[in-house]
Amino acid sequence: MASISVESGLILSAVLFGLGLIGVLARRNILFILLSIEIMLNAAGLAFVVAGSAWQDESPTVAASAAATEPTTSVGGYKESTVPQADGQVMFFFVLTMAAAEVSVGLALVLRMHSQAGSLDADALSRMRG
Amino acid sequence: METVFYISAAIAVLSTLMVVTRRNAVHALLYLIVSLLAVAVILFVLGGPMVAVLEVIVYAGAIMVLFVFVIIVLNIGHEAVRQERQWLRPGNWIGPALLTGVLAAELVYILAGRAAGVASGEQVSPAALGASLFGPYVLGVEMASLLLLAALVGAYHLGRRTTTRQEQGSDGIDKR
Amino acid sequence: MSWNWTMADAQALLPLMVVSAAAVVVLLVLACCRRAGVAGILPAGETPATRIGAVLTVIALAAALALLPVAGAAAPRSVTFLVIVDGYGLFFAGLLLSACIAVALLGHSYFRQETSAGGEFYVLLLLAAAGAMTLVFSRHFASFFLGLEILSVSLYALAAYNRASLAGLEAGVKYLVLAASSASFLLLGMAFVYAKTGTMDLGRLAQLLNAAPQPALVTVGLLLIMVGVGFKLALVPFHLWTADVYQGAPAAVTAFIATVSKGAMFALLMRYLVGVNFTLQYPLLAVLTAVAVGSMFVGNLLALRQENVKRLLAYSSIAQLGYLLVTLLAAGPGGRELAIRAAGGFLAAYFIATLGAFGVVSLLSSPQREAESFDDYRGLAWRHPVLAGVLAAMLLSLAGIPLTVGFIGKFYVLAAGVNANLAALVAAMVINSGIGLYYYLRLAIALFTPSRAEPPPRVAIHPAGAAVLAVLTVLLVAVGVYPQPLLRLLAAVVAL
Amino acid sequence: MRQLLWLIPALPLAGFVILALAGRAMPRRAVAAVAVLALGLACALAVGVGVEFVAQGSATQWTSPADGQSPVPAYAWRQSLWQWVGVDGFKSDVVLRLDSLSLVFVLVITFVGAMIVLYSTGFMWGDDGYSRFFAYMNLFVAMMLTLVLAGDLLLLYLGWEGVGLCSFLLIGFWYKDPANARAARKAFIVTRLGDTAFAIGLFLLFTRLGTLDVQEVLSRAAAQWPAGSTLATAAALLLLGGAIGKSAQLPLQTWLPDAMAGPTPVSALIHAATMVTAGVYLIARMHVLYRLAPQVQLLVGIIGGATLVYAGLSALTQTDLKRALAYSTISQIGYMFLALGVGAWSAGIFHFVTHAFFKSLLFLAAGVIIQRLHEEHDIFRMGGLLRRMPLVFWTFLAGAASLAALPLVTAGYYSKDLILSEAWSSNKLLWSAGVLGAFITALYSFRLVGVIFFGQEKTAPRGRTPAVMALPLVVLAVLAVAAGFINVPPLLGGWPGLTRLLEWTLPSAGIHHDVAAEIGSSLAVALTTLAGVAVAWLVYVRKPAWSEAIVRPGLRRLVWRWWNAGWGFDWLYDRLFVRPFVGLARLNRDDFIDSFFDSVAWTSRQTHRALSLTQNGQLRWYAMVMALGAILALGVAIFI
C-alpha cells in the first residue's frame, strides 16, 4: 500500500491546530471560540493517530508496559509486523471524550452567558482586571 | 492512498479556514462538519476505521448537534451576523494570524523531514482497539467515565435556570 | 492482551476508588434527598441535602486518607501501565486529600445560608480530588491528561458555581477557554513526543531525557506539554488567568485551585523531571529557568500595590510557584534527594498558608458578597481578632518569617538552590522575598489599622471553617517550631 | 528530674496557650489559677532540678573555669530536644543547657515570677484585659526561661526577641492611651538598636567559628582567637551592644523610665527583676569572649560605673515613685556591669539575685501604694503612710534597706560589698564610683521612705491590701533581708555558697587575700551607706524645709532639674539623632542614597503599573500571551 509519511500527517495536524488557534485569538463570539477549541482538540487527536500509525508492534501493550524493564523491546526500532500500535487510536478515543466533556460544560456556560450577560461577546467579560 | 490523503487534507484545511472566518454560526458549523468528515477520511487512510467512524458519529454527529441545539436555543440570526461584521474587522486578524503563522512556521520547520517514519497504512481492527481499551487501558476508560460524569454534573449545575433570590419562593425551593 | 487483576492491584488503588465511588454515591444520595424533599419526607429546601453531601464527602475523603497506609502496604506497584502507586504518590495524595477535606469544610461554611447552592459542589469536589490523585499516581500520557481533564472540567463548573454572580461566570468562561486551549497544546505536544519516541510512558521518557540530548521534535513536544503544565501551575507567561479566576470563583474553590490543582500538577512534573540531567536538555533548562525567574518577579510585582485581597493572593501564588520551580532545577543528578525534600516541605507549607489565607477570606465571604477588597480587612483585628491573627500568621508564613512553616519550606528551597550552585535563581529568590515581604506586611498591617470607611458587618463564623483554620494555624506554628516529623516523613518519601 | 528540664519553659508556655485560646471564656479565678499554677509548678520543678544538679555536680570530678585550667564551663546538663533546621554547613538545634549560671537565673525567674503573678491576680482584678495580661506574663516567663536555658545562640536570640516582644506588649498593655503606646514603641525601637548589633555579632560568630552552639562557640573562640585579637574584640563589642540595649545602660538607657507606663507588676517582673538583667546574663554567658577582649571588658566596667552614678543622681531627683525606682534599677544594673567589668563575675550575678528580690519587692509595694492612693504617682503627694499602711511600710523599708545596702542585716549589703571589695583590688577608679553610688543609693532610697511614710498625710488611702498581694510582699521582704546569707564572705565567718556554685561556670575573681584591703573596702561601703541614710533622714524627715531649700531657684535647681530629666538624654537624642534625621531627610530630598532607594521604589511601582496593564481582563489577550509564550519556548528549542 502506498505510504503516507508521518511528517505530512503531523504537518496537517499542526496546520489545523494553527487555524483553530487563529479562531480562538481572533473571534469575539464565544461560540466561535468554542468551535475553534474543538478544531484544536481534533487536530491533536489526529496527531495521535498519525503518530500511532508509525509505530508497529505485535503486542504493543505488552511492549509498552514492559518497556521499562525490558530494554530489548527497543524504542526506535521497527519490527517486521506492520500492524500499527493501537495506542495512538486509544488516545484519540480519550481526546474525543475530552472534547465532548469540554463542549458540554462550555455550552452550558454559553447559555448562562447569554441569559446573564446578554451577549456572547468574549471581550465584554472583562469586569475583573488589574 | 496518498492522493486520498492529500485531497482530504486540502479539504480539511480549506473548510477549517472557512469555519474560523464565517460570520454566520450555522455556516461555520456546516464547514466544520465538512472538515471533520475530511479528517475522518484521513483517519481511515491512516489505518483507523474505528476512530474514523467515531469521528463521524461523535464529533460530526453528537458534538455538532450540541452546537446546533445551542444556536437554536439562543435564536442567533441576522442580528448576530451584523454583530459579527462589526466584531470581525480586518485588523483583528493581523495579530492572531501573525502569531499563529510564526507558531505554524516553527512547527513545520521542526517537523519537515524529521518525523519518525512512515505510516504503515495497515488497519487497527475495531476488535484490536477494543481489546486495547478494555485491556491495559481499562483504567483510562474508567477515568474517561469520571471525566464525563464531571462534565455531566457541571453542565447540569451551570445550565440549570438561574434562580435569583427574588424569584425564589419563601419555601426556599427552586421553581424548576 | 488482557491484564491480570490481583488483590494487590485493588489494594493499591483503594484510595482512588473510594474517592471516585464517593462521587457517585453522593450524587445518588443528593438525588434521593431531593426527591424526598419534594415528597415532603425531608424538610423542604436543599440545606439538609447539602449537609448530608458535606458529611459524606468529608467521610469519604477521610476514609481515603486513612486507606493510604493500606495502599502503601502494596506499594510500590504499577497497576496497568497507566498508574503507579508508590510512596512518593501516596505522600502527595495525602497532602491533596487533607487539602480537599479543608476545602470541603470551608465550602460548607461558605454555602451555609445558600438554599439554592445544591450539593453538586461536593460531587464536583470529589471528582476533582479523584482527578488530582490520578495525576500524582500517573505514569503514562493517557492517565496524565485524563487526570488533568477530570480536574479541569470539575473546576470549570466550580469556578462558575455561584449562578447569580457575573464574576463567577466570567471566571468560568476564562478558565474554560484558556484551560482547553492549553490542554490542546499539551495534547499536540504529547502526540509529537509519541511520534518521535514511540513511547507514552513517562518513566521511559525521563530515562530517554537522562540518556542523551533529544531530537528537536521531542524537545518541541515537551515544551508544548509545558504550556499545559505551566497554565495549570499559573507560571509566567501562562499566568494571566490566575487573578481573574481567583477573584471570580467562590473563595473555597479558589483555595482548591491554588492548592490541590497546582500541587497535583507539580507532583507529577517533579516525579519525572527531578533528577533529569538538564545539562543534556539545554532548551528545557533555559525555558524553565526563565519561567521560574519570570514568575517570581512578575507575580511579586503584580501583587505589590494590589488592593484586592483575592487577587493579591493570586499574584503571590504565582511567585510562590516560581520559588518552587527552583527545586526542580536544583535537582540534577546529585541533588535529587534534597530537591524532593525541599519541594515537599515547601508545598506542604504553601498548602497550609494558602488554605489558611483563603480560608479566612472564605469565612468572611458568602455567595452574596465576597470579602475581597482591602477595606474589608482594615481593622479586622477589632472585629474578628482571632481571624485577623490567623490571617496575619498565614501571611507571615507566606513571607517566610522564622518560626512559621513557611520559613522551613523556603529555607530548604534556598538550601537546595545553593547546593546546586544556582546563583542567579537564588539571588532572584532573595530579592523577591524582599518584595514579597512588602506586600504581605502591607496586608498584615492593614488588619491592625483602624478602617477609614464604614466597616463591613460582622459575620457569624461557621464552626466547621473555624475548626479548619484552628488546625491549620496549629500546624503552621507547630511545624515551624518543630519540623522534625515533616522532615522525617519527607526523608521516608525520598527513600521510596 | 534531668529529663524534665524542658518542662520548665514549657509549663508557662502551656499556660500562655491555654490563656490565649480560652482565657476570654474562663472565669477570672480560673485564669488566675492557671497563671499561678503554671509558674508555681515551673518553680517547684526548677528547685527539684536544681537540687539534683547541685548534688550530681558536687559528686562529679571536673575542672572548673575557676581553676584557670579550662576557660570553658565544664559541668553542665544538655538536653537536645530536636533539630530545627539542618542542611550541609548550617544546622540549628533546639537544645537546652543547664549550668550553675542558668540554674541561678532559672530559680530567680520562676520564683520571683510566681510571686509577682500571684500578686497580680489581686492587682489586676478590676482590669478588662485580665486574661490577656496573664497570657502575656506567662509568655514572657516562658521566653525568659528559653533565653537563659538556651544551649544554642539562635535559640537564645529567639528568647531575647521574645522577651522584647512581651515587654512591648505589656508596656503598651493599656494601648488605648496613646502615651502608653508611644512608650512601648520607644522601648521597642531603642532596644532594637542594641538587638541589631547583637544579631550582627551572632552572624560574625557563626561565619568565623562555624557554629552557634554555646559550648562550641566558647571553646572554639578560646582555641582559635588569641587574647586581644580584633575578631574577639569585635564580637564582644557587638554582643555588648545588645546587652546595653536590653539592660538600659548608657547610652541606650532612655527607654526604661518611660517603660513604667505599663502595669506595676510588669515593671516589677520585666523591668526590674528579670528582662533588664538579660544583658548581664549574656555577658556572663559569653565570658570567654570578654576575657579574650580585655579592653571591651574594661568598657563594660566603665559603662557600669558611669551608669550607676548617672542613674543614681537621676533617681534622687524624681518625684514620680515608679520613675525613681526605674532609675534605681538602671543604677543597680550598673553595679552588675561594673562587677562583670572588673572580673567579679559571680559577685555580679549575686547582685542580680538580691536585686531581683528587693527591687521587685519595692515595685510591688509601690503598686499597692499607688493603687490605694487613687493612682497617685507623685511621692510629695503621699506622706504619713506609716500608720495607715504598716505592712507596706515594713516591707518597703526592708526593700529600701536592702537597696541602700544597710550593713550586715540586708541582702543588698552582701552583694554590693562583694562587688566593691573585688573592684578595689582591680580598679580603684571604678571602686570610687561604686562607693559614691552607694552613698547616692542610700540617700535616694531613704528619701523615698522618708517622703512617703513620714510627715504629713496628703492623700488618704482607700481600701485594704488583699492577702494575695500581701503574701508576696512579706515573702520577698524576708528574702530581701535574708537572701544575703547564702553568700556570706569567709571574712565574716560565713560560707560563700553561691560564689562556689557559680564558679562551676564562671571564672573566679582572681586570688586576693589582701584581708586589710577587704576590710577597708567593706568599712568604706558601710560608712558611706550609713552616712547616706543619715543625710536622707535628716533632710527628708527631721528637717523637710532643707529639702525644699535644695530646689530653690538658682544653679542648684537647674542641676536638680537637669538630673530629674535624666540628664537630658532624651532631649539630646532628640536634637542629635531624631531631628537631624528628619531634617536631613527633608533637606536632602535629592540625596544620592535617597534617590537610589526612591528609584528602586519608583521602578517597582512603574513595573507594577505596566504589568497590571497586562491584566486587562480580556480573554483573547490572555490567550494571545499564552500563544506568545509557546512561540518563545519553541523559538528557544529551535535557535538554541
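To keep things simple, chains are lettered A, B, C and D as they appear, and every chain counts its residues starting from 1.
In the analysis below, a residue touches a chain if its C-beta (ideal position, glycine included) is under 8 Å from a C-beta of that chain, and two chains touch if they have at least 3 such contacts.
Small disclaimer: the values here were computed from a predicted structure and weren't measured.
Q: Hey, which pair has more contacts between C-betas, A-C or B-C?
A: A-C
Q: Using mean C-alpha positions as chain centres, tell me how far chain A is from chain C in Å, no decimals.
A: 26
Q: Based only on mean CA positions, could you tell me how far chain B sits from chain C in angstrom?
A: 29
Q: What is the distance, in whole Å, between the centres of chain C and chain D, each centre taken as the mean of its C-alpha atoms?
A: Here the centre of chain D sits 47 Å away from the centre of chain C.
Q: Averaged over CA atoms, how far is the centre of chain B from the centre of chain D? Could you give it in whole Å?
A: Inter-chain centre distance comes to 75 Å.
Q: Residues of chain A that touch two or more other chains: which are they?
A: 6, 10, 14, 17, 20-21, 24-26, 28, 33-34, 50-52, 54-55, 61, 64-65, 85, 87, 90, 94, 98, 101-102, 105, 109, 112, 116, 122, 125-130
Q: Where in chain D do residues touch two or more other chains at once?
A: 612, 615, 617, 619, 623-624, 627-628, 630, 634, 637-638
Q: Can you list the residues of chain C that touch 2 or more other chains?
A: Where chain C meets two or more other chains at a single residue, that happens at 1, 80-81, 142, 146, 149, 153, 156-157, 160, 163, 172-174, 177, 181, 195, 198, 216, 220, 243-244.
Q: Based on which chains are in contact, what kind of graph results: line, ring, star, complete or other?
A: Topology of the interface graph: complete, with all chain pairs in contact.
Q: Quick check: in the complex, which residue numbers of chain C touch chain A?
A: Interface residues on chain C, with respect to chain A: 1, 78, 80-81, 141-142, 145-146, 149, 153, 156-157, 160, 163, 166-167, 169-174, 176-177, 180-181, 183-184, 187-188, 190-192, 194-195, 197-201, 203-204, 207-208, 243-244, 247-248, 306, 308, 311.
Q: If we count contacts the way the header does, which residues on chain A are in touch with chain C in the complex?
A: 6, 10, 13-14, 17, 20-21, 24, 30, 33-34, 37, 40-41, 43-45, 47-48, 50-52, 54-55, 59, 61-62, 64-65, 67-68, 75-76, 85, 87-88, 90-91, 94-95, 98, 101-102, 105-106, 109, 112-113, 116-117, 122, 125-130
Q: Chain D touches which residues of chain C in the complex?
A: 173-174, 177-178, 181-182, 185, 216, 219-220, 223-224, 226-227, 230-231, 236-238, 240-241, 243-244, 282-283, 286-287, 298, 301-302, 304-305, 338, 403, 408, 411-412, 415, 419, 435, 481-484
Q: Per the contact definition, I'd like the list of chain B residues that touch chain A in the complex.
A: Per the touch definition, chain B meets chain A at residues 1-2, 5-6, 9, 12-13, 16-17, 19-20, 25, 28-29, 32, 35-36, 39, 42-43, 45-48, 50-51, 54-55, 58-59, 62-63, 66-67, 70-71, 73-74, 76, 80, 83-84, 87-88, 92-93, 95-97, 99-101, 103-104, 107-108, 111-122, 124, 128-129, 131-133, 135-137, 140, 144, 147-148, 150-152, 154-156, 158-159, 162.
Q: In their shared complex, at which residues does chain A touch chain B?
A: The contact residues of chain A facing chain B are 1-12, 14-23, 25-29, 31-32, 34-36, 38-39, 42, 46, 49-56, 60-61, 64-65, 78, 82-87, 89-90, 92-94, 96-105, 107-112, 114-116, 120-121.
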